[in-house]
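Next up: the structures, one after another.
There are two complexes below, and they share chain A, which is joined by chain B in the first and by chain C in the second.
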Partner chain A sequence: MDVSDVITRGKVTIREQPLLAIAVLATALLALDLLARLAGIEVPLAGGRTFGGELSMGRFSGLVWNGIIVGLIFGLAGIGLSMTYSILNFANFSHGDLVTTGAFTGWGAALLVAGWGIGDIGHLLLVRPGSGASPNEIGASIVQAPLSILIGVIIAALATVVVAVIIDRIVYKPMRDRGGIPLLIASIGAALALRYILQFVYGGRNRGVTSTQDVNTEIAGFSVNMHELTLVIVAISLMLAMHFMLQRTKLGKAMRAMADNKDLALVTGIPTERVVTATWVLGGALAGVAGYLYVLERGTIEFNIGWFLLLFIFAAVILGGIGSIYGAIAGGFVIGFVHEVSLIWIPSDFNAAAAFLIMILVLLYRPQGIFGGVTTA
Partner chain B sequence: MSTDEPESASDATLEESLKAETDPLAAVPDESILQVRNLDAGYGDLQILTDVMLDVGEGEYVTIVGPNGAGKSTLMKSVFGLTAHMGGTIEFQREPIQELPPEEIIHKGISYVPQNENIFGTLTVRENLEMGAYILDEVPEAQIEAVFERFPVLRERQDQKAGTMSGGQRQMVAMGRALMLDPDLLLLDEPSAGLAPDLVQEMFDRIDDINADGTAVLMVEQNAKTALRRCDRGYVLAQGENSYTDTGDRLLADDEVRQQFLGG
Partner chain C sequence: MTAETADGSSGIDGEDPSIRDILATEIGKTDFRIVISTMLAIYALFIVLTFLGGGDINSAGSSIIRLTFLFAAYGILTLALNLHWGYTGLFNIGVAGFMAVGVYTMAIVSTSPDAVSGTGLGLPLIVGVIAGMIMAALVGLVAAVPALRLRADYLAIVTLGLSEIIRLTLNSATLSNWTVSVFGFGTGGGSGIDLPARPTDALLNTAFGDVLVDVLGTFLRPSVIRRSLWVLVMIGFVIAVYWLLVRVGNSPFGRVLKAIREDELVAQSLGKDTRWFKIKVFMLGCALMGLGGILWQGSQGYVSPDSFRPIVTFYVFVALIIGGSGSNTGSLVGSILFVGLLFEGPRTLANIVSGSLSLGSAPGTFAGAMAPLASLEITPLLAYFMNNISALRFILLGVVLVIIMQRRPEGVLGHRTETAAAISLDRPGPARTNGGESDE
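Right, the complex of A and B next:
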């Protein structure tokens, strides 16, 4: 190809898709700036701003690692949201509060096991609603009480499944055929009800949960936070398990079939109500575990953590292509990565905006999302 | 209702004596596996079918023809439990099925191929066939093999996503899925819809083969002339009521049928 050809094509791109051209230019500038920062080059610009600056490799890799952690949380929670969207045809706004449900129930169980005999049972089961034994006294960490952490994962999944299925039976099942909008509105109601029930039961205090003693260790020369490592292992295992379930098992294939074409699933003899229940069971379990792992990583719990996560989960799912679990995972990584790595350039009050900006930019050029059109439940 | 019965019965005898040659049930086989009697059905509160009678004999090939909006597809969906039942009976192998949902009707030995969106496009060809046998505990490998024998191209493309295939191949996937339970009665809603003209005859050949192997076929078809030429017997449906039934050839020869429903 000729140089003039390249220039002509570039001109056409700028004229026809100015936003794309700006995005490409901005990405190139940020990449250069990042390289300059990593190399320690600083070029003063006007108004005290600089091009390049100081950024240690350690801080950079730390941000990327955080991006992966956050992305896994978004992706894991997003799988359930994406499945309920494709199989039940509505955007479930109570999904964030299912995440919170898993966090509280799971940590209640984990603290109870880890702190057995140390604190008052009510204090442990309600995840430290008031004063009492401190997190370090209870010792709920993967290092001090690995079994309690694993029991917590299981209880988080089971309890969230129970709550999700009950909400489906009471609220969504009677209005199954009413279409997406009434169900969406109903789910906002369910979200508020669930959130304030959780606040009523567990209290509104933001409190620490995990013990942080000896959680940071060195593995092969790298400093590793064992809680983050646990999160990564559990989340990736569950994602792989979901993949195999959907691709290999009869139930998984039926779920994909129903996501693909509900009417045909019905005339094919697939028991659609049972598939719907399975969707809530799997989606609820993953949401609950995502909430539990989120608290494992951040160390504190509050009744509205899931609600604040919900927008990011939606962003991840929409970015990835709603209806696809692979899209939810990919979208989670993109949103999580941008959310964390953008901290290099902008203060932490604005990084959420950066994540949503990327979502909008991707959707402008790929409205169906990254994995859109290849719905695989 | 009971007070009306003697009257309508005498009406029937009157009609019978008036046009003995076009007795609506003249060509019906003695042993029918599907018996639809005085069926009223529709969607929601909207009644579309009125007093419809229909029979399909064992291994018989029956076509329903009629103008657009006559209720042909509705009749077929009613047999499969997809409409609101408002009156009359549907018996399959002497059991009433008019109140059953589709997933139970499948268990009785009826399979249905809808007109549109009749495949799972994001599933592979093989997975589509597996879904056809969902109600069985095990994937029936022998039956998958039988479908591959019937449609060899599906064997070659078994791992391909069904949505990426051509119209004719999709129709094969749809029929293959419906044949997975080796049904006694196969319901086909416009199997030639959307197919290129040269594929239409091929599709009808396939249906002949399926029927020749002992599966009774009840089909709705736009391509009325071809369908009537091939089938054992046809029904003419108009405005939600059936007017005649006779062998396909005789319906084709009938001037009134030709002028009204087959475009001369």
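Right, the complex of A and C next:
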């Protein structure tokens, strides 16, 4: 292939998909700028702005690591949203509040186990709603009380599954055959009710949960936050488990069939209602664990953390292509990186806006997602 | 659908029409009567509640003014949303964002340059209001051109994302003191922006204002009079917007909109450029949302990005869905019912209950409220309920939204077919049929 051939093909691409060309160009520029910054090269441009600049390798790798952490959260929560979106055919706006449900119920259990005998039961079970034993006194951390953290993960999954299935029975089941929009509106109602039931029970205070004593250790010369490490291990193993479930089991096959073509699945004799329940069970469990892990990493809890995550989760799911769990995971990483690494170029009050902007652009110009429109898991 | 509404025409062919039926038919005769009687019913409810709570005529008056203010504010926004969702089927859940664009543009144009928070150009208010509406329409255009060809649920996510981007941008510290040479365009960031005073406030300082205070001042405080003057202006705007939208709905333009809502492909097949129609109607609706935002959030002397959280959009949606999307009268009735029964009602009721029962101090946590139940003491739990009425109000809102979507997705007045033709096409006869369903 000679050079002129490449140039002609490039010209065709630019003419046919100018926006794609612009996106590629912008990405290339940013990558060059990033390299220049890492190398410490600074080229002055007009208006006091410079190309390149100062960026230490430590700060960059820190941002990338943060991107991986939040990306895993977005991806883990996004799997459930993506499955309900493709199997039940509606955008579930109450998914973020399932994340919050998992966070509160899981941490209630974890604090109860870790702080048994230290604070009173109500204080622990409601995740420190008022004054009482402090997080460091309770000592809920992976170093001090690994068992409590593990029990918390399991309770977070179980409780969220129960809540998700109950909501499905009460709210969505009676309107199963209605279009996507009535279900979407109903899910906004379910989201409001669930979020403020959580606020009613657990209180509206933003409070610390985890103990931070001895959480930062050194493994093989690297400074590692054990909570972040736990998050990465749990999230990746759950993602792998999802992968094997979908590819190797009968249920997984049935779910993929339903996501692909509901009528065909029904004709083939797949018990669709049972598959729907399984979808809520799996999606709810992953959402609950995602919320729990998110709190493990950030250390504080509030009744609307899930709602604030919802648009990011949507962004991840849309970016990866609705219905594809691998897309949701990959989309989660992309959104996570955008959210963190964009801080190099823009002030910190715009990084969320940047992530949403990418979501909007993908929806507008590539609604099947950036990984090529695989609608089956 | 078996649900029977109070304003249904069930009494027409009944054998012995009871008083309730007669009342229902009389009220249902004209749209004006429906709106007014709903409003009067809510007023009556609140007056009774106020006097039950030990209030005097001043507090009753101020509660009515507050209600009317919210009726009007939600009325304009709901009418605008009805143009999008009810008439054209555009699922826009970024109402708060377009409101914010309107209010902030108005603020930047009309706030004086030496305001405490945020900076403006200090131009006359009317310029600011028009600029705000134009800007909201332009942002609507930018969103509409690519987004309107999307599926409804994608459009919902795009508009929600856009409204959050707008709010985060206004919230950012970077733009809070933005100046270009001598002109300030600062948004004030998270600390909000100062707004010009309501034009009606100046009226009270004139001779007319003195007369007004003299006449009404015997039983109403001057602050209540000042607010009621502004509420009158808002009612004027509600009537104007309603009139405009009825005209739009009955025009050939409106017929195309309804055709797009029912079946866009058919409208296209008839040679209508549906994309252009949708863009125009989206811009008009956004401009009205900007206006609604200016009249509501822009009239309080100060505004911050927190006033434009997505929850505001959901409020407007609930109001529209209660009233019945597709019906302008339904939008107004829905706003009144939403404000009265879901928004203000629970709080007023809780104040009365906690005031009259002397529940004592409420426990700080849910655990503290539940523990006394073991010894059959219910008062702490009740006090906790009353103390957390705002959370309960949101729960009620969510439950109502779900129930409406399940049981009566067409809302209170959405069952009424709004004929596109200028003259009535109904056959003369005793029982009115419901056009769309009769040809099954």
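By our rule, the second predicted complex is superposed on the first by the 333 of 377 C-alpha atoms of A that agree within 3 Å, B and C clash if a C-alpha of one lies under 4 Å from a C-alpha of the other, contacts with A are read in each partner's own complex, and residues count from 1 in each chain.
Throughout what follows, a contact is a pair of C-beta atoms (placed from the backbone, for glycine too) under 8 Å apart; a residue touches a chain by one contact, two chains touch by 3 or more.
Quick caveat: nothing in here was measured; it's all calculated off a predicted structure.
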{"item": "Partner chain in contact with A:44 - chain B first, chain C second, else both or neither", "value": "neither"}
{"item": "Contacts of A:10 with chain B and chain C, given as first, second, both or neither", "value": "neither"}
{"item": "Touched partner set for A:256, first chain B, second chain C, both or neither", "value": "first"}
{"item": "Touched partner set for A:268, first chain B, second chain C, both or neither", "value": "first"}
{"item": "Chain B versus chain C as contact partner of A:123, first or second or both or neither", "value": "second"}
{"item": "Dominant contact partner of chain A by residue count, chain C or chain B", "value": "C"}
{"item": "Partner chain in contact with A:91 - chain B first, chain C second, else both or neither", "value": "second"}
{"item": "Chain C-contacting residues of chain A that also contact chain B", "value": "none"}
{"item": "Chain A to chain B touching residues, read off their complex", "value": "250, 253-254, 256-257, 259-261, 263-272, 374-376"}
{"item": "Complex contacts: residues of chain C adjacent to chain A", "value": "91, 146-147, 150-154, 156-158, 160-162, 164-165, 168-169, 171-174, 314, 317, 321, 364-368, 370-371, 388, 391-392, 394-395, 397-402, 405-406, 409"}
{"item": "Touching residues (chain side chain A, partner chain C) in the complex", "value": "90-91, 120-123, 125-126, 129-130, 170-171, 174-175, 178, 180-182, 184-186, 188-197, 199-204, 311, 314-315, 318, 347, 349-350, 352-353, 356-357, 359-360, 363-365, 367"}
{"item": "List of chain B residues in touch with chain A within their complex", "value": "80, 82, 102-103, 106-107, 112, 114, 117-123, 127, 130-132, 134-135, 139, 177, 181"}
